[in-house]
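Next come two complexes built around subunit A: one with subunit B, the other with subunit C.
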Partner chain A sequence: MISGSLVIATAVVYVILLFALAYWSDLMARRGQDKLLRSPLVFTLAISVYCTSWTFYGAVGSAARNGLEFLAIYLGPTLVFTGWWFGLRKLVRIGHNQRITSVADLISSRFGKSGRLAVLVTLMAVVGITPYIALQLKAIATSLRVILGSGFDGDELAQAGPLPQSLDDIGLAFAIAAAMALFSILFGTRNVNANEQHHGVVAAIAFEAIVKLIALIAVGLFVVFSIGGGFEATYARAGDAGIVLNATDAFGPRWLTITILSAAAIICLPRQFQITVVENADERHLRTASWAFPLYLLGISIFTLPIAIIGQSVLPAGSDPDMFVLTLPLAYDQQGLALFAFIGGFSSATSMIIIASIALSIMISNHIVVPIALRSTKVPDHESGSGMTRLVLTSRRISIAVVLLLGFIYFWLTAGSGALAPIGLISFAGVAQFLPAIIAALYWRDATARGALAGLLVGFAIWGWSSFLPSFATSSEQIAALLQAGPWGIGFLRPQALLGLDGLDPLVHSVFWSLLGNTIALIGVSLLSENNAMGRLQAHLFVDVFKQSTGGHARYLDSSATLNDLLYMTQRVLGAEPAKALFAKLAPHNKELEATPPTPEFISKLEKELAGSIGAASAHVVLGQVISGESITFEEVLQMADETQKILEYSQRLEHTTEELQSTTSKLRAANQQLRELDQQKDEFLSQVSHEVRTPMTAIRSFAEILLKHDDLESGQRQRFLNTIHDESMRLTSLLDEILDLSALERGETLWHNEPVEIGAALRRAIDVCTPLTNQHNLEVRPKNLTEDVWVVANTDRICQVFINLISNAAKYNDAAQPFVEIDTRTEGEELLVDFSDNGPGIARGDREIIFDKFSRGKRDPESSHSGSGLGLAISLEILIKMGGSLKLLSTGGRGARFQVRLPLAASRVRAPLERA
Partner chain B sequence: MKPDILIVEDEPSILSSLEFILRHAGWTTKSVTSGEAALLAVNTMAPRAVILDVMLPRQSGFEVLKKLRQDRRTRDLPILILTAKGQQQDKRTAEGLGATDFVTKPYANAEVVEAVRHLLGEVPPQNGPASDTGGEPDR
Partner chain C sequence: MRRRRKLEFLAFLLPVGGAILILPPLVLIANANTSIFGFPAIVAYLFAVWLALIIATYLLQHKLGSLQDIDTEPETQPAPPDSGTLK
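The block that comes next holds the complex of A and B.
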């Protein structure tokens, strides 16, 4: 029989030992002699805080009841540590970079530093962990009762089995809870560490991990070899013990669900997150943990099944299998071993309680108490730094007490619900609700705060309805009735048969619906909402954490900002491209902006540049906030910068619009000017036309009046006047024809068909047409070198019109005694040249430039009655241009005029008959 | 012999019609076809009045008018401007340069005769050939 005082004394000594270890460790850490503490082995052992009294006591119970199911609890973490170590590494890297203090901090940080999310996750964690704390209280209470209140009598053990709900047990549990609270407060809240690392606590936890492993192995060895007679003999008794080892239904949906839950738990459980991410000193430790931790799990679970088998075989029926680890040594009078086993179980429970309550208290104080305190008028921080520290410590102490009180209340309300493992699984299912948000935080850039909030709320609500609530069924008839009939008799809302999904294991059912609802809400709401500036920044920092950082976390200890942070900030202020250009100018040699902390010179240069855009005061505030890394104001700064950026973009757009307007205006002005010029040209043209028409009309009218009035005119004179009237009428007609012709040419409305024209034939035709005129003026036409078989692409009628015009001009204006015009043709390259040289008066020097203008005639023979319209050359030029040719007045040097026609030669000199000759 | 009227006109048909009308009205005329010739003729022939076309080659009627008015000897010479453009602008220019009268082409023959009579300060003769030129049968 173990005396109560011995047990209590042993426990107290053990606790004092832990304190001493923790104190010494902290001391060493402060002195910098923390090599051992920072070893990957200590880290791995600390991670095994996963193995609580549930493992120590409950796994045996689980094996006794459900066979190999308990293995799933270890399979999940093993899969995560061996198969998803890179994911853990990402988590740890982010934890260091962002100085994450808890799982609530992680989720809220990722989603735009949302305060609401932090509070929600904290509350969820508290509610989710409460059953787990209760589990530890129950385990310690039960184990204490077993080791204290029992002799070696099997009957008494049977009575001591499932604890009856009595005031004594409640009182015992309360006492334990109070002791644990004190214990945790003393351990975890001695000081507020900047990065929430607790070296002493971690050392103590690692030590406890060794104790519980050795204790369990000691019990296991005793059981297998002293009682069972070796492994083979032990396993041979499995059938007798009622434990089915090769059941085919063992690996069903429930097994899978537990594997998933335990995998989620190793990441999501606040205490696991605390050890793996927050307390991690070096992310390389994960490499060791990835094999050492599964090995530890193997060691701690290897004797679970044998103990269960032997316990079922040798202990009286009705013995609580959860307590086999204690009752078996006691039954065989191994009091020392039993005491050791008790200490091992005590270690499992206390380590869990300490870390879980510390983790929860950090969340509560950081995310609920401090924000409220900061908002209240009584802010202590400006008085002294210790005021804030005292507030944090006090709130953490109270939090720890509250967490344990809640655990106790849960234990009180659900006492009698039986085995340890189901209670633990309720907690697992609760914290597993964090998983979708964490996975999205790490890998899905577009996941938003609203999405995370919705997912967590939906998942938590379903979990609360289908898992947490039903755990009170044993102590509440109303809840039991609810499980049967559903709320208000609505069948498809029954907690364990949602939407009529009946017949599933309650755990599988709850996990299925809660995680499904959680994930759908997260994805759906994320797709419908957008991240704010902070959210985008954090998404980038989380999802692309490995792209930003090549070094460890050390640089964050003294400087919170890197060049990349400053670049991001600058981009918000200046826009993406100008910021990049600026950084290329200021820091041309720094390729790895993420890894480089800014130099003071760089910061001052950058400040100057930013001041140019947003003013000196704003630039100073912006840079100051980024460099000091104050998180709350940083968000404000980002918003401010966003607004600045929007204003800049707006003004750039405005500038752009203004430029467009200006360009349009100048185009309009040019078009207007062109129109005005065209209008003026039209006016001049009309004025000229008016003049050209009035001149012959004046003669016609005048002579008509003379003829009307003077019927006594001699017939010769009469005939002369009539001729003049006729000639002037003809002149008027041809003038109008030419005006219309030129107008049509200029508008491009004249369509004609170009064809190969033999130029000699065209010239001869033109000369023939002009014969009456040339005869009248005694003009000799001298064709010279008329080419044979030279072809141009032209319209026959039009090219003849040009030639006729040139010949008749020569005839009309040639005042020489022996007037002649010489027509010379030759080819030059791809062109045909036709020269018309006369021996007339030539074109006065001043008229040469205007000779091709409309209505310009140059000096005319005043006696000639056949003055032209002044449009002939203009029309000829227009025609030739349309054929790809040209018309020029060449310098003659002396008397006479020389016009030159140029036309492109036909590519293929197709012989074609000259039509309409 | 000093002519009554110097005609400055480069269009042969108009010139011949003007010569016929004015001679038939009883005046003597001299004709030139360019501004240069007109300036020369005014000084050498000393006509009592000038009929000056605006659209002359090279030197326009307005330039001739201006030169005549600048010359002391011809400052008060009666000058009738003939123009085929007939715009208000031309009329104002002519008045500004000191033209005595202004007739637009195409003109009625009687209009020209009346204007010249006015230039020369003659009263219409009671039985002269010009007395029945006022009516235009087609108007």
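The block that comes next holds the complex of A and C.
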């Protein structure tokens, strides 16, 4: 028999040891010598907080009652950890990037930092974990009673009726709950860290993980090899022990349900989230945990079934299978081993209670107490600037006490009824309601805050009705009646047969309906609602976490606050010293806090750091109070973070480029068209030139051939032919001269000097030059108003060329009986006008448009067809344009043509002749 | 890129394959009234699958670890919008 004082002393020494370990670890962490503490091994062992007294004691009980079913509790988490690359890694990355402090913070942060969601998840977690805490209390109380009892004595257990025992248990449980509350408060709420990590606690938990594993394996080895005689012999007793291993329905819906529940629990349980995500120091630690944690689970469950078999076959009927781990060594008088087993069970229970209560207290203080304090008009604000710190710590301490009190009350109300495992499964089903929201948070961009809220509410309600409520049936007749008949006798609403779905295992029934309702509500409401700007930003940051740079996004714009304001606010939250340290870290170069406005990056970082201690929603509210710039407009959110927007901008740029390309193409097309037209004009010109050259050439060639072939031509005829050849070659020469002239003019090669020219002299010279031609055609030239001393800006030779061309045209084409051309000059403003009017056939209406084109001669009679190249007017026009003048064909109404030359008057001599006139 | 996709596919296959192995109907095959090395067949089967999953995860995490090291390097530039080169 073990003396009570020895047991109590061992437990106390063990607790003191844990404290010392935690204290020492914190010390090392503060000194920066935390290599071991931040090792993947410690991380993995800490995750093993999953194995509570449910595993230590309850799994054996579960194996004794339901065979292999207990394994599903460990296979679910194994699957989650083998798939770490897709699930846990993303969760941990988001946890780091967003400084997530709890599962409530995760859900709230993802859905637009919604305070309502945070409160709901916190409440759900508190209610959901309550049975789990009660389970630990029951396990410790029962194990304490067993080990303090007179060794193993079945008679005594049988004699003691259930009532006095449960009274004892309740007193014991209350004492344990109080001790655990004290324990957790001392452990977990010594200070508020900037990142909510508790190195000391984690180290202690890792140590406890080792203790419970070794204790269970020690008991297992003793049972299998000392009592059972090896594995084979042990399993051979299974049938006698009444444990059916090959039950046909062992792997039915219940197996599936428990696998799913345990897989969900390893993510959703607040304490698992706390260890895996919040306390994680390095994402790479997951690598080790991915195989080491499943290995731990395998190690801790390898002896479960053998212990159950031996316990069933050796111990008298009616023994509590949940306590086999303890009662077997006691029955064989192994008191040292029994004490070790008790410490192992104590370890598994305390580690769960410590981490769960710390996790819940963080949620309660961050999501319920702090937001209320922030919204209330008066925030405790002491001169030390630590008002908020004190508030946070106090609220956490009270929360821990409340959580444990709730666990105790549950234990009390359910009168400690039932085995350990079913109680734990109720908790699992409760926290599994977070799973749809978490999956949506990580992978579904369009999930909205309303959808998450709806899903959680529906799932929680169904769970409460179909799982939580029925657990009170053993202690409450009303509830037992309710289970039988349904509320107000409505059979459809019976908690364990909703909508008449009868005959299912109650757990399967509850999990099926709650998760189904949860998921449908989440999806349905999400599809019907829209995320706000913050929600969209957060959705992007969560879903695409691996596509982002590690740097934070600036989410505040211009603010009127200075760094000093922010420091003051941070001091209120974190305390004076941590705040200063944080500022030194974030803004090492800014010494003048008064004047410096914070950069958006700084505010963004600060918000994350603050979120690490008081949660995202609260940190957002706190910063929002200080920074009048508040957050962001909708457009800015999109611009900063929305992937869609990036793609949109990209496609807009593309569109812009395409437009530019299109305009360039059309310009090119136009230029090409112009080139083609020019090319065509060139071709036409060439063919015209060839044609023009061909006619005289043909004449010259034929006359030359005649002269060559016929020697006997009379001299008169020969002379005539030679004259023709001469004339034609002259015409050819002049034609070629004109072409060259025109081409030179058009290309602007011919440069001449414009000077003042006396127009009367130029005209007279032209008339003189034309005299032989006019005489030949009997053309009378009638100069009219031939003013003296009128000067124009021109080139004398060129202007004469124009006049000669116009006079000779009049001579050549005039077929009138008494042909004449009248030359009239006058000034008009700054210009001189010279009109050449003849009484010839005029220009046909259709030809007026083309008269100035090259090689166009207008309509004329065949006789005179040889007399011009058709380039004269074109050249004249070109010359006049070069002089700044113009040449026009004026309409004459009746017979005759009238060409008008306009030339600019020479500036200095404009006035004089007019005044004189 | 190709190696990465292969590894990620394996990482995806592990939990899925594990789930298929431990859930009905496959698990029912092992649920026979025979024993292997003194263990009931079903116990031996479940623990063997479990151990195999652990070993496979152990082997794979070594390879995945090198990818993760690349991922955890802090990037200096925000990633440009996916230009579709990953197809």
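Keep in mind that, in the parts below, the second predicted complex is superposed on the first by the 531 of 917 C-alpha atoms of A that agree within 3 Å, B and C clash if a C-alpha of one lies under 4 Å from a C-alpha of the other, contacts with A are read in each partner's own complex, and residues count from 1 in each chain.
What we mean here is this: a residue touches a chain if its C-beta (ideal position, glycine included) is under 8 Å from a C-beta of that chain, and two chains touch if they have at least 3 such contacts.
All values reported here derive from a predicted model rather than from experimental measurement.
In the superposition on chain A, A:Y443 makes contact with neither subunit B nor subunit C. Contacts of A:L256 after superposition: subunit C is touched, whereas subunit B is not reached. When the shared chain is aligned, subunit B comes close enough to touch A:S687, but subunit C does not. Contact with subunit B, but none with subunit C, is seen for A:E728 once the two complexes are overlaid on the shared chain. In the superposition on chain A, A:A699 makes contact with subunit B only, not with subunit C. For subunit A, the partner with contacts to more residues, out of subunit B and subunit C, is C. Of the two partner chains placed around the shared chain by superposition, neither subunit B nor subunit C is touched by A:W752. In the superposed model, A:T78 makes contact with subunit C only, not with subunit B.
Touching subunit B in their complex are the following residues of subunit A: 687, 690-691, 694-703, 705-706, 708-710, 724, 727-728, 857, 859-860, 862-865, 867. Only residues 68, 71, 75, 78-86, 89, 230-232, 235, 238, 245-246, 248, 250-252, 255-256, 259, 283-284, 287-288, 290-291, 294-295, 298, 302, 305, 546-551, 643, 646-647, 650 of subunit A touch subunit C when the two sit together in their complex. On subunit B, the positions that touch subunit A within their shared complex are 10-14, 16-18, 20-21, 24, 33-34, 55, 57-58, 84-87, 105-109, 133, 136-137. Subunit C contributes residues 8, 11-12, 14-16, 18-19, 22-24, 27-28, 31-33, 35, 37-40, 42-43, 46-47, 50-51, 53-58, 61, 64-65, 68-69, 71-72, 74-82 to its touches with subunit A in the complex.
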